[in-house]
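Structures given as structure tokens follow.
Common to both upcoming complexes is subunit A, partnered first by subunit B, then by subunit C.
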Partner chain A sequence: MCVNDFKYDILNELFNVGVGKAASLLSEIISKTILLNIPQIKILNRKDHELNLEDYLPKVLDGTLMVSSISFKERLTGKANLIFPAKEMRTFINLCLNKTDDNISDDMNFTDIDFDVIKEIGNIILNCILGEIGNHLDMKLDYTLPEVQVFDRIDFDKDIKRDECKSIIILYITFVIDGTEIRGAVLVDLTLNSLNELMKNLNLIEDEFNG
Partner chain B sequence: MDEVLQDVLLNIDHGIIILNQNLHIIVWNKYMQRIMGISSENAVNCNVYQVLPNLNKNYFRAAIESAFTNGCKMFFSDAMHRDLISEKEHFNLKLSRIDIDKSKYILFEFISVTNEYMRVHLLRSNMNQLCLLNKGLKDKQKEIKKIAYYDELTGVANRTLFYELAEKLLFDAKRNHYLLGLMFIDVNQFKNINDTYGHEIGDILLTKVAEVLKNSTRNNDVVARYGGDEFLVLLPHMQNFENYKVIASKIANAPNRFIRFGGHEIEISLSIGFSFYPHNGKMIHQLIDAADKAMYTAKKAQKVCHCAFCESVDNKRIHQEQ
Partner chain C sequence: MKEKANNMIKILIVDDSLFSQKTTAGFLKKYLKDADISFANDGQAGFLKYQEMKPNYVFVDLLMPKINGKELILLIKEQDSNAKIFVVSADVQKNVKDEIESYHIMSFVNKPFSDEKAQSICQMIKDDQNVCK
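Here is the complex of A and B:
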């Protein structure tokens, strides 16, 4: 599917607003300043499993990954995944809970409480992103609460490849919380029909814009 | 059936609240009555923010509005929203929209995670104990290693460590073709000092010798107590034979070579013999023997500090120097 620059710009803008809202909400909850880098998006189509996801995922996503996923259906069907490397997620959680990194013993051991925090962060970010798409493109979405899973990078690639969805929108996002940079990505896995549906609605906006 | 479902909702083991679009509570189940100590009569038909004032925050209000408008399901963790409804217990909150006919309602589910907190607390405390235990074991291991490899009195390497390091350095010298020096040091008049001033002073003297040797050699050199009043020093990567003079001079002129006690002053007097791989031997015991012989030659000269250079190195003659 050919996606022109204009459609990319609209999508970028929608994701940008969504991530901005998420940052502002999160900032209010944890009472800390959160800055974010404007997300850059990529749309990938998987034809005959030729796509090598590794070429597109940021290098920072290596080793153990914490993945928070929301499934959605109705006008669009797919799954949105918020991915952070475990190490960055640990820093993220500690910043959210005002904990310091000095206790090495529990550094990389995620407890149920940590998983709840990841679930909430995933809920906020993914909800804001999907909410923005739903609202602006007038596409009603019904989605679940996030599930949190821990993956090895290789297993995550396999899991994504196993998925029936044929298109992936990747957003590279960076949060800066109190001066600490946390880099991750959002992968929105869509069925081909859903991507077509999304493009149809983007066309409407493009037509409206061009008069 | 409606009655059954309502009964289930009222008795379920989660805190359940249902709001209408005016944000008035229409269901306040028994679990909520128990944890909040507010009866159903006092909660139902009241505004949710009146009954639960901690929810009256921007992000909760936005979440409720978003749930009404878009049907967003929201999750709030106890970790990020402490004391939301109780100071004693911990609850996660799920918020979702229910559509019945044309009316929209918001369902609050307060799920207790108090047991998880207790388990995590216990786990953390066990982990910290294990960490402390592990650290203690590592410290003990270090201590055992120290006892096995270091001389208790002087703190320098003992024979075991000397032989282990000597083999490695000799192998390295053979492979990389460098000069490996070995010093054999003996304390002059040690028996007399021991007999005259006592073993305590003898021990102080040996500790001082080790200190002088450590201070006069490089960080990579290996100082070891060979036994009694004998010390060995391995000198890897020596540039040339003549460098032994620098080391000997440093030892002879070490500023801390004196021990003072009860009006007495003893100047440390050492006899030192040098040998070198490959010239004096290809095995460690050969180098020790050669350095030992050189040390005896030096001792005969009866000077404060002597170095004897083995004949095979120095053009078939024994070289002595102060």
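Here is the complex of A and C:
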């Protein structure tokens, strides 16, 4: 599917607003200022498994990854994944739980409470991003329960390839908390019909602008 | 078990996230000193707990296993149309908020539950308590 620059710009801006809201909510949770780099999106189409996701995921997403996911259906069908390196999520979890002990900052053994925190944070971020798109394009989404999984990079690539969805929107995001940069990505897997539906709605916005 | 004082405000928080349960309860306790707070981890447990304790106020998340928040609200309202329900959800969709508000809830609040939101909700509860006296 060919997506022109203007449609990319609209979609980028909608995601931008969602991520901005998510950052503001996260900042409320940890009572710290969160600086946000402007997110950039890419739309990828999978044809016969030719797509090599590795070429598109940021290099920092290596080693152990924490992936928080939520599936959705109705006007759009797919799955959104929030992906961050587990080491950086540890810092974030500690901030959420007000843990300041230096000894636990590198602890990669995640407890049920840690998973619960990430599940809830992922739920808030992904709801903000997807909800904003739904609100602007007037498309209702029905969500499933959020999930959290820890993958190594290779297993994650395999998991994404197994999915039946044919299009992926990648959103690169970077938060800066207390001078520490946390780089991650949001992967929105969409069925081809859903991507078409999304583009139809973007066309309407584009037409309004062009008169 | 210790007898709870009669003037305690009974609150039930139904949320599948322990993190959110604790956050919500912590803020409510700050502004409602006489709150007696109980918890349930999903909609089904929430409905059973509701029937058992008959809380004055229920805080409900929307995305939950077994019975979701919307179904729970409808079940509670079917049993007690005057039940006082607050929804605390991460869902920011306008049409979801409009639909849930049509079930005559007290208020729809977006997560995270914050100090500011707690102040406003607790004021609503205090005002409501004064009206009920």
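Following the convention adopted for this analysis, the second predicted complex is superposed on the first by the 207 of 211 C-alpha atoms of A that agree within 3 Å, B and C clash if a C-alpha of one lies under 4 Å from a C-alpha of the other, contacts with A are read in each partner's own complex, and residues count from 1 in each chain.
Following the convention adopted for this analysis, contacts are C-beta pairs under 8 Å (C-beta built on N, C-alpha and C of every residue); 3 or more make two chains touch, one makes a residue touch a chain.
All of these numbers come straight from a predicted model, not from anything done at the bench.
Once subunit A is used to superpose the two complexes, subunit B occupies space that clashes with subunit C. Looking at the shared chain after the overlay, A:N109 reaches subunit B, while subunit C stays out of its contact range. By the touch criterion defined above, A:E132 lies against subunit C but remains apart from subunit B after alignment on the C-alpha atoms of chain A.
Once the two complexes are overlaid on the shared chain, A:L35 sits clear of subunit B and of subunit C alike.
With both complexes placed on chain A, subunit A has more residues touched by B than by the other of subunit B and subunit C.
When the two complexes are overlaid on their common chain A, residue A:L204 makes contact with neither subunit B nor subunit C. The residues of subunit A shared by its contacts with subunit B and with subunit C are 25, 28-29, 96, 113, 116-117, 119-120, 123, 127, 131, 134-135, 140-141, 143-146. Residue ranges of subunit B in contact with subunit A, taken from their complex: 57-59, 62, 66, 70-81, 92, 94, 113, 116-117, 119-120, 123-124, 127-128, 130-131.
On the side of subunit C, the complex with subunit A involves touching residues 16-20, 23, 63-65, 90-96, 110-112, 114. Residue ranges of subunit A in contact with subunit B, taken from their complex: 25, 28-30, 96-97, 104-106, 109, 111-114, 116-117, 119-120, 123, 127, 131, 134-135, 140-146. Contact residues on subunit A toward subunit C in their complex (touch as defined above): 21, 25, 28-29, 96, 113, 116-117, 119-120, 123-124, 127-128, 131-132, 134-135, 140-141, 143-146.
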